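There are structures below to look over.
Next come two complexes, and both contain subunit A; in the first it sits with subunit B, in the second with subunit C.
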Partner chain A sequence: MPVIRGTKPTRAVLIALKRRMKVAKTGHSLLKMKRDGLMIEFFEVLNKAKTVRKELVDALVKAEQRLHMAMAIEGTVAIHSVAYALQTEPSIQLQSRNIMGVVVPKIAAESVQKKMYERGYGIIGTSAAIDEATEAYETLLDKIILAAEVETALIRLVEDIDSTKRRVNALEFKVIPDIKDTIKFIGMALEEMERDNVVKLKMLKGKSQRRVAAEEAKKLAEAAAKASA
Partner chain B sequence: MPVLRLPKFGKPVKYAYITGRVRAMKTKLIPGEMYPRMMAMDTSEIARYLEETQYKDEIDALSKEYSGVELIEHATFANLAKTFRKLSEVSIDEPSFLILEFLRRWDVWNIKTLLRGKFAGVSDTEIVKYLVPAGELSAEYLDELAKKDSIQDIISAFDGTDYASALAQYDGKNLASVENALDKLYYFRMERAVGGTLSVGGGLLLKFVRREIDIRNLITLFRMNKAGVDAAVIQENIIPGGKLHDELSRMAGQPFGEFLRSLEGYPFWSSISDIATADIDAVSRIEARLKAYLIRYAWALSNYHPLSILPVLGYMVSKETEVANIRKIVRGKEAGLPAELIEEQVVVA
Partner chain C sequence: MEIAFVGGSESVLGFNLAGVKTSYAANTEEELVSKIGTVMSDPNVGILVLKQADYSRLPKRLQEQLSESIKPTIIAIGTEQSTEMREKIKRAIGVDLWK
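Moving on to the complex of A and B:
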């Protein structure tokens, strides 16, 4: 029976422990609910992450194929030359949102998907293969940003589920049983003390009764002696 | 557009010498039956085969700097530049003038690369790697330009030339308008230059230039109509000139399906009719077909008048096509692209 070390078996401690027990049980049930809620959220995000990851891989394969195609049609020399013309870098805005107390990032990107004539290179001197490669990479970048958002949320959720699970388990298998045992121990100790007191009282009572009886016997003996004299 | 000062040759010029040289140069081109064989070779085998052809010197010279596909690509571009410079050196009078006008497309290419490189803050040694000195501007002059500190310095270097008006459109933020202006200038010059020739074949060359403008405009329409760009923006990207300028201009901004329907009946329609559908995924396939159509048109014209500029045009187009074919095969094979996709892009006579 593991008892919380250094606990004094007093009534005040017992009351405090019972209060703590109540808080622990409430916390345990709340954390269990949070864990279950996070698990449901986790599976939803996991499904989304799987879809996004698949789309990301597909977009990567397509982008690579389109780039190789453009390199074959136009040559790396032309591709390098055109790439120099692109200078607008996409900007990323990082915000956060809350999923059951877990703070996850929300990434918004600007200037990723550009119109054909806003890409910086002239239309007349370039080819459709370059447009297609650029467009495929723009789509890929969008998918990367989305995957970063979803997968970071997934990692944060996993971390939080893990810590919540540890807390639930600690409460369920350590804190609550320990408090329970300690309450039981204190209860037993208090009962023991009570029994001790009863015995002591009984002993005192017996002692005093014996003293009274002895005194009465003494008195009777003295009275009998006086009468015989 | 600037008013060009084009030379007047006055009377028809003899083409016997230059066409003779071109006939000799043509024998060095890779025969059409080699391409299917190259498709079956790996990169090192293709490089070995090219070592047995006119590309040997360039492959040897560049093998220290590059390897594999990069070596083949840079070597073929270097050989193209050398061949075209040779062609312009061995010609005189009208042929020389017309060849140079045709080769100015490489000057435009190099100016654009220089501007893009400076715009992106790339080092001069890196920019030089991507220059193809096949036009009027020599490799040394282009090297000098690459060493300039800023775009403005490069633009200033062209003060007093025909390029100045196009380069003046640079607004400091975007290169697209300058690039388009340079391309428009090239075709404007070309149309005017060819229009001024009195020699046999001049009319057919003008027909080719106009058809090239039409095909370029058509490709722009395919790209921009498919992307749903506004008609006004498309109009800015249409090259003035060409035979079908007005008709094609009217198609700017049309819904893609309607645009395809309005192309039916044109001479180029038969070359794209089987793939030109409203749901086409890659416009580059249509572009490849249209470019092949133009190349074949140039080849067909080259046989009309043996002693004219037309065989020279046919050779220049063949040489550019050869370099493009080699690149498409080696790059495509290296990237593991399906053979059908590579074959679709390769143009063989």
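Moving on to the complex of A and C:
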């Protein structure tokens, strides 16, 4: 019976403990609900993350292939010059979203994909290999933006599920049983003290009764002695 | 906000083609760490893209710092699977769901 150390068996402590028990039980059920809610959210994000990661890897492989091809055909210098000519930069808006107390990023972005003539370099001066490489990297960037949001959300959720689970278990298997045992211990100690008191009172009463009886007997004996004299 | 990339010079070229101007070439580990530091302190960067192989090379402490950051959000890309996420899921849920 693990009783919380240093508790005094008094009525005031008992009342305080009962109050704590109530709080702990409410907290436990709330945290349990939070854990379940997070789990549901987690499974949704997990499915999304799996597909996004797969798409990301595919896009990466394709992009690197195209880039190597362009480098082989045009040479690094030509690609560098095309890269310098680009004018539009992809822009994103980073916001945060709150899922049951877990802050996850929410990324809003316009599509990075651009039409060939919007890119800013001359179409005639460059080859199709460079165009393909550019397009492949733009697709990759789109996927990266998507994956960044989903995967960060997933990691955050997992971390929070972990800590919530710990808290639920600590309350369920440590805090609440300890308080229960301590309440029981104080209850028994108080009962024991009460019995002690009853016995004490009975003993005192018996003592005083015996004294009164002895005094009366003495008085009677004295009266009897006077009468005979 | 912008997207930033730190990694090998070849990939930097690729990201340049997609319009990512804030991409830094870094080959050694020291270069990686210092360039990541520059990107992290840039308030204009929303997403930092790293190669998975480079990310695994970083010191553990920096990895942890990166994985906790929301602004900017870090993402490691690569064909090999990241074990970090898998292990985290395994520890939290108790089952290996990432398959």
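As a convention for this text, the second predicted complex is superposed on the first by the 221 of 229 C-alpha atoms of A that agree within 3 Å, B and C clash if a C-alpha of one lies under 4 Å from a C-alpha of the other, contacts with A are read in each partner's own complex, and residues count from 1 in each chain.
Basically, a residue touches a chain if its C-beta (ideal position, glycine included) is under 8 Å from a C-beta of that chain, and two chains touch if they have at least 3 such contacts.
Quantities reported herein were computed from a predicted structural model and do not represent experimental measurements.
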Next item on the list: Using the overlay on subunit A, decide if subunit B and subunit C clash or can fit next to each other.
Entry: fit
Margin query: So if I put the vertex at the Cα centre of subunit A, how wide is the angle out to the Cα centres of subunit B and subunit C? Nearest 10 degrees is fine.
Written below: 20
Next item on the list: Report for A:144: first if it touches subunit B alone, second if subunit C alone, otherwise both or neither.
Entry: second
Note to self: Just checking: does A:72 make contact with subunit B only, subunit C only, both, or neither of them? Give me first, second, both or neither.
What the structure shows: first
Margin query: For A:27 in the superposed arrangement: first (subunit B), second (subunit C), both or neither?
Written below: neither
Check: Should A:115 be classified as contacting the first partner (subunit B), the second (subunit C), both, or neither?
Finding: first
Margin query: If we overlay the two complexes on their shared chain A, which of subunit B and subunit C does A:37 touch? Say first, second, both or neither.
Written below: neither
Note to self: Looking at A:82, would you say it contacts subunit B, subunit C, both, or neither? Reply first, second, both or neither.
What the structure shows: both
Check: Which partner does A:61 contact after superposing on A: first (subunit B), second (subunit C), both, neither?
Finding: second
Note to self: After superposing on the shared chain, does subunit C or subunit B touch more subunit A residues?
What the structure shows: C
Check: Of the two partner chains, subunit B (first) and subunit C (second), which one does A:128 touch, if any: first, second, both, or neither?
Finding: first
Check: Counting only touches as set out at the top, which of subunit B and subunit C does A:162 meet: first, second, both, neither?
Finding: second
Notebook entry, point to check: Across all Cα pairs of subunit B and subunit C, what is the smallest distance in the superposition, given in whole Å?
Noted result: 9
Note to self: Using the superposition on chain A as set up above, list the residues of subunit A that contact both subunit B and subunit C.
What the structure shows: 64, 71, 76, 80, 82-83, 86, 119
Item checked: Residues of subunit B defined as touching subunit A within the complex -> 70, 73-74, 77, 108-109, 112-113, 116-117, 119-120, 122, 129-130, 132, 174-180, 182-184, 216, 219-220, 222-224, 227, 229, 233, 237, 239, 282-284, 286-288, 324, 327-328, 331-332, 334-337, 341-342, 345
Item checked: subunit A contact footprint on subunit C (complex, rising order) -> 1-3, 10-11, 13-21, 46-47, 49, 67, 70-75, 77-79, 85, 88-89, 91-93, 97-98
Check: Tell me, which parts of subunit A touch subunit B in their complex?
Finding: 64-65, 68-73, 75-77, 80-87, 115-117, 119-125, 127-129, 131-132
Checklist line | Contact footprint of subunit C on subunit A as seen in their complex | finding: 39, 42, 46, 50, 56-57, 60-61, 63-64, 67, 71, 76, 79-80, 82-83, 86, 88-94, 96, 103-105, 107, 112, 114, 119, 130, 133-134, 137-138, 140-141, 144-145, 147-149, 151-152, 154-155, 158-159, 161-162, 165
